[in-house]
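Below, chain A partners chain B and then partners chain C, in two separate complexes.
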Partner chain A sequence: MIGRISPPVVILLVLLCAAIVPPFVFLSYSSLHYLDASGAFGAFTFEHFAAIFSSRTFGPMLLNSLVYALGSALLALFIGAAQAWLAERTDASFRQILYVASIVSLGIPYVLYIVAWLLFLGKAGPFNASLQYLFGGTTPYINVYSLGGMIFVEGLLWSPLAFLLLSPVFRNSDASFEEAASVCGAGLLSTLRYVTFRMARPALLALGFLVFIKASESFEVPALVGLPGSTRVLTTAIYQKLTLDIPPDVGSASAFGVMLLVVMAILLQIYSRVAAQTHRYQTVTGKGFRPRVVRLGRWRYAAGALIVTIPFIVVVVPLATILWAALLPYYQPFSMKALPLLGVGNFVQVLNSPSFRGAIVNSLVLGAAAATLVTVLSAIAGWCVARRVAGSRLIDTLAALPLVFPAIVLGLAFLEIFVHGGARIYGSLLSLVVVSVVAYMPYGLRYAQLGVIQIHPELEEAAAIAGARQTGTFFRVVLPLLVPALISCWLFVFLLAVRAVSLLLLLVGPDSQIVAVTLFDFWNNGQIGELAALGCVWTAIMTVFSVAFLIVARRYQLPIA
Partner chain B sequence: MLHVENLTKVYAPGESGGGIRATSFHVTAGEFYTLLGPSGCGKTTTLRSVAGLEEPSSGRMTLEDRVIFDSSTGVFVPANQRRLGMVFQSYAVWPHMSVFDNTAFPLRMSRGKRWSNTEIRQRVTHTLETMGLAAFADRSAAQLSGGQQQRLALARALVAEPRLLLLDEPLSNLDALLREQMRSELRRLQKDVGVTAVYVTHDQSEALALSDRIAVMHNGRIAQIGTPQQIYHQPGNAFVATFVGRSNLLRGALLERDKDGNARIATALGPVLCRAPTVTTGLAPGAALIRPEHIVLTAIAGTGDASLNRFRGRVSQVAFLGEATECVVQVGNVEILVRGPAGQYGGSEAVDVFFPPERTLAIAVDEL
Partner chain C sequence: MRTAASYFLAIGAIVTLGAAPAAAQAAADNPAMYRGPDREQRLIEGARKEGQVTVYSSMIADQALRPILNGFEAKYPFVKPQYVRDDPPQQLQKVMAEARAGRMVVDVLESTGLEVPVRAAGIDQPFWSPEVEAYKPERRDPNNYWAPTRYSYLGACYNTSLVKPGEAPKNFEDFLDPKWKGKIAWSSTVIGAMLFITGVRNSMGEEKALAYLQKLAKQDIAPIASANRVVVDRVMAGEYALCLDSFLHHPIISARKGAPVAPLPLDPVLTVVSSVMMPKAPPHPHAAMLFIDYLLSKEGQGKLQSADYFPAHPEVSASPDLDKIVPHKIGLKENFISPPKMNADLARSRAIYQELFAK
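The block that comes next holds the complex of A and B.
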């Protein structure tokens, strides 16, 4: 058996094991041991877990996590599904806007997006101010630093991806199912209710579950929106154990991490079941298939208005808020009085500062390096998995394992490895690249696998019959055909790698500042002007990448996420 | 019952833009009416316009004296208010519903009458029994075989007693044997239920076997309307002649036409005498049409001089088809297809080919 596994597969397996096993080991080890004053491991103990379960805040925290994740999933699903249906199945006006807005939003760093909403919805923000103006009173009408605020921001954050993932579902469904309902006497609403959305239900369920998982492991919104209002969830508990306690309570943090891992493993297991059902109702659409749109008639312009409103809320409002903040020397809510103060001072400062320029360069290098490594590894691994080479199941399992790590927990695990393993690379840009590669490998692999599946095996067999060896076939036949999938894989991983703060927050050092973490620090220090200016510059750069991603994905008809 | 007048649906400007042009036909109550034509000729477009799934560009349609579409007054009754039954080419049986729920759907959506649950149950059960699906009522529709799905689609289309049943190539997804079975089944059901049906197909044998009347379509227009016998034996033009059934078409100028309806056409083989019941004398270019099964082949009759409609040729290809043999006879440089009883000829014999005048038809040649 072993003998039949080819050398590249062995190398791949060794690499994957080396990257993935240590985080598990270190995390569980430190959750079960005391740390002595020098930071070395002490005696074995269950105390970290015992302390968590006996704590009185644990129950409410779990409940918060659940409500938050569920609420976000429902909101994202609702917005995403409405957009996807309007864009794919109706003749509503302005449908293209939805794609552009969603893609642009993929390039906005989480922190920037959240901060924008905090400024907009905050006590002194324009939203509360308008309500006060309209309905009187001086107290704020809404408090964004609440569970509701968290759900709102996280839900909006995921809605573009929900839209991008759902639109193929609506695009590929056979219109004759709906036409049949129509001939049977069903009106538009009944058809939507009993046929369209009912048939999309497996896909909706799977996507909702995915957002639920993503929200349960998310860190940015809980940290920026939840913590100021003392709404704590599991991920922020880890962060607080490490940053509030002196010395950092690594043991408790790890224990939390292990628990989250278990939860994630269960959720992902369920998810894979749910996701397997997604195509249940997507019957083969052969002859007579025509993509047909619902004519909305006089509702067309109403739907068009909705289509303009959603991206306006999801993208334009936050970006405008950030731009406003970036142009002001010190932050104040929107008002006519403030207009004369506008200037580009923050931009000048950000672009002149070597450390900010360094953060931008570091981020770009990090994204590019991680994306390149992930793409190369995924191309090989994806081919092995899709073609069921010996040992490929193991590759598949190993490469998917990092998914069970919430980003903050993976960051914690690597922190422990770097500290205890005495690794010199702690705090270096290289360490960030390694961690990112591990974290984003599952996404890259999925992309490459889809790409390979589109290549008919006979093309390779033809090469083999023409006398090419397996490696020759891979480089001369598979790789060139895989290029579009790999380009979009690269761009997707790039966008992911530079966007989030949670994975690398615990790992950056003085020489490896990156934009996402810098933005996070700015917010904690109250430097809103610099934050907004750096965020604007960065979003502009990212838009180039995300639009490139859209173009490649469109051109080669690849799934967008 | 259904009157379609000057129905036009253009997708793109120009004659090659697809769609249908100035199509008119009338379907009488209880009739099995077929739209027959090659792929892309506009059958589905016509049917979908009748169903209300497509909004035609112009024209007028009435169903049971009620206008359902009129471009001049802007009337367009949407599909869900036309009270029709339709069987889709892909069946469009909802996979997420049970067989029962699929069938009950039109009743639950009914606008006029509100059906109680017991009524629905009775009605659906009865319909499913008629279709031989009663045993599957609780099964998910996704678990049915192709033939069962087709019957379910039919049950769903018929359950609310529609005014008109529309069928778009319902048999094309079935394998050959099942197709023959379902064909006779369909015909029987339609007569039993007494529903008026408009049926779309590109399969001429299906059309001939099933229909009371056929409208042959070509390039978005109706080429001929008639009973299966009329379409087959008196094709109105060369397109219908070649599309429905196999035929030998000998083009030539019309020489003369007598008062009994006989004509002589100057073909490449020489003058051919044929019947000309419809062709007017003024029509110069024409063709003699003779079906392969009507040609008489005989061994060479001694003298060798060609008498009326008799030509000398040589068998060049023979194909054994089981119930018959088809051979190609080379007469001069014209190939004639002949179909006859099995085992008569082996190949490359010299033969006499005879076109019985009463079975040879003069037809107009238009755009062929």
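The block that comes next holds the complex of A and C.
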């Protein structure tokens, strides 16, 4: 068996093992050992786990995690599906706006987006102020620092992606079922209920589960929205163990990390079953494929208004709030009184500061390096897996393993590797690239695999008959055909890598500051004006990349995620 | 076995003999404790070659840290300063990780309450600066592991649009008034709620303090998981009417920019000192020492003065704008929490916090 595995596959397997085995080992080891005052490993113990299970906050924490993930998934699904249906299956006005807004939102850093909503919905924000103006009273009507606030912001964060993933589902569904329904006398609503959305149900279920998993492992919203209201979930417990105590309680943080790994492994197992079901309802058939557009008649303009409202909430409100904050010397809610204070001081500070310029450059370098390495590795691995060469199942399994690590846990595991492993790269930009490559390898592989599946093996067989060797075939036949898939893989990984906060939060050093983490630190250090200004500059740069991504992906009909 | 043991002993002896002069040489080269007459020249030459210094500080960047670094860079343009602003626990986590990972990035550590844990971790080294001599011996470390950089007075603050000056609480008891329920915030960090609890325990005694804190817990105080500065920002923005644990100069700095916020010193006024420390084997030891000199000098301390911070240097007074929060100028007592005290009381204060305030 071993003898049949070709050398490139062996190298790939060794690389993957070296990347993915140490995080498991170091995390479990440190969850089971004491640390002494100098931070060295001490005696073996179960105490970290015992302390968690006996703590009275643990039960509520699990319940919070569950409600939060479920709520976010439902909200994202609802907004995304409504948008996708309106955009793909109706003649509502202004449909193109939905795509533009979703693309722009892909470029907004999570932290910036969350902060915008905190400022907008905060106790003193314009939303509460308007309610107080309308209904009287001086106490705020809503408290954004709550489980509800977390669900709202996280749900909105995922809604553009839900829309982009669901629109092909509606676009490609067979209209003859709907026609049959209306022939039988079903109205618009019952057709929607019993046919359109029922056919989309497996896709909706899979996507909902995906958002559920993503929300379970998310850190940014729980940290910025949840912690001030004492709504703790598992991911923020890890962060607090490391940053609230003197000295940092690495053992308990690792124990929380190990528990999250177990939860994720179970969730992903269920997800792969759910996702496998999506093919059961194959709606794209060979015969007379022609999606039907629902004529909304006089509802057309109402739907148009809704279409304008959603991007307004998802993109315009947060960006306007951030711009307002960026122009103020110190943050205060919107008022005419504050107008004379507006100025560009924060932008001048940000653009003139070498450390902020450094953070922008570092982010771009990190994104580009991680995206390039992931793309190269996944091109080779993706081909091996799609063509089922010997050893490919192992490649597939290993490359997918990082998915069980929530970003904050993978960051913690690598922190321990760098601290105790002797590689001497802790805090360097190189270390951030290594971690990002490991984290995004699974995504890259999926992309490359989909790309290879589109290429029929007969092309490679033809090359083989013409006398080409396997490597020659790969480089001269497969690779050129894969280019579009790889470009979009590159851009996707790039966008993920530069957006990440929690993965690198524990790992950045002064000479490897990156924008996403700098924004997070700004919020914790009370530099809201600079946060907003840097965020505006960064969003502008990122929008260029996300537009490029969308153009490539649509041109070659690749999936968005 | 015996042969093996003696073999290792012999190796050990050779290594020790060889290493001893080298170690002595290294100690003489280490600029941290060097006191020769050519000290300053040596530091400048060394720093010129190093070209850089990395400072970890818990001072608020746009208020105080950046002006100090700019002043330093103006004086020594050949050294490029860079900084990281963090709360003390994150600072400790980073410095310990760097030391253990064998890749030191930090050159100078400035913080509040880290003197003892940094010493316990064995990751700092003693240093000497001629500037240190100006400071009172009882206010610095006898073993030269740390020197004071700034004092801070902590207390409450309030939003002046939401609370009229006459209605604002005047003492600790006033915060128990039910009308403030849900309107008070504090920072849930070591320098926030934990330090507040330590302060109350120190001034009231354990029993009274616990009784007070139990009543305070009924006020639903909002825990902000960020620096104390952020809590003041939330009060300014009108999210909360009162905050319990601001650095009292922060509201003054913001009020000058027009923000609706005012400080509220509570008797006795919680007082802490922050210190500068030097990590073992910093990557730029000469530049580090040069920066420590500057930070402790009258010139560097003057930057703190103009930033409305409280300089630790006995000959640099605080700006007169701060007079209304300096305890002895407004007839209040100081409740001084020394670095060892802060560290020793932390565990119990955290336990009280978890018991009473963590939901």
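To be clear about the criterion, the second predicted complex is superposed on the first by the 559 of 561 C-alpha atoms of A that agree within 3 Å, B and C clash if a C-alpha of one lies under 4 Å from a C-alpha of the other, contacts with A are read in each partner's own complex, and residues count from 1 in each chain.
Throughout what follows, contacts are C-beta pairs under 8 Å (C-beta built on N, C-alpha and C of every residue); 3 or more make two chains touch, one makes a residue touch a chain.
Predicted model, so just to flag it, every value in this text is computed and none were measured.
Chemist: Based on the superposition on chain A, does the combination of chain B and chain C result in a clash or a fit?
Modeler: The answer is fit.
Chemist: When the two structures are overlaid on chain A, which partner does A:F418 contact: first (chain B), second (chain C), both, or neither?
Modeler: After superposition on chain A, A:F418 lies in contact with chain C alone.
Chemist: With the two complexes superposed on chain A, say which partner A:S182 touches: chain B (first), chain C (second), both, or neither.
Modeler: The first partner, chain B, only.
Chemist: On the chain A superposition, what angle, as a multiple of 10 degrees, is formed at chain A by the C-alpha centres of chain B and chain C?
Modeler: 170
Chemist: Which touches a greater number of chain A residues, chain B or chain C?
Modeler: Of the two chains, more chain A residues are contacted by C.
Chemist: With both complexes superposed on chain A, which partner does A:S190 reach: first (chain B), second (chain C), both or neither?
Modeler: first
Chemist: Pick one for A:E461: touches chain B only (first), chain C only (second), both, or neither.
Modeler: A:E461 sits against neither chain B nor chain C.
Chemist: Please give the nearest C-alpha separation between chain B and chain C in the three-chain superposition, to the whole Å.
Modeler: So the smallest C-alpha gap separating chain B from chain C comes to 47 Å.
Chemist: Mind sorting out which residues of chain A both chain B and chain C touch, each in its own complex?
Modeler: none
Chemist: Report the residues of chain B in contact with chain A in the complex, numbered from low to high.
Modeler: Listed in rising order, the residues are 44, 51-53, 55, 78-86, 88-90, 92-96, 105-106, 109-111, 142, 156-157, 160, 166, 168-169, 172-173.
Chemist: So in the complex, which bits of chain A are touching chain B?
Modeler: 174, 176-177, 179-187, 190, 194-195, 198-199, 201, 280-281, 283, 285-289, 292, 295
Chemist: Along chain A, where are the residues that touch chain C in the complex?
Modeler: Listed in rising order, the residues are 37-40, 57, 122-124, 145, 223, 227-230, 240, 242-248, 329-333, 341, 349, 354-355, 415, 418-420, 422-428, 506, 509-511, 521, 523-528, 530.
Chemist: Show me the residue ranges of chain C that touch chain A in the complex, using the header's touch definition.
Modeler: It is residues 54, 56, 60-62, 80, 82-90, 92-94, 96-103, 105-106, 113-114, 117, 120-123, 188-190, 222-227, 229-230, 232-233, 236-240, 254, 257-259, 343, 346, 350, 358-359 of chain C that touch chain A.
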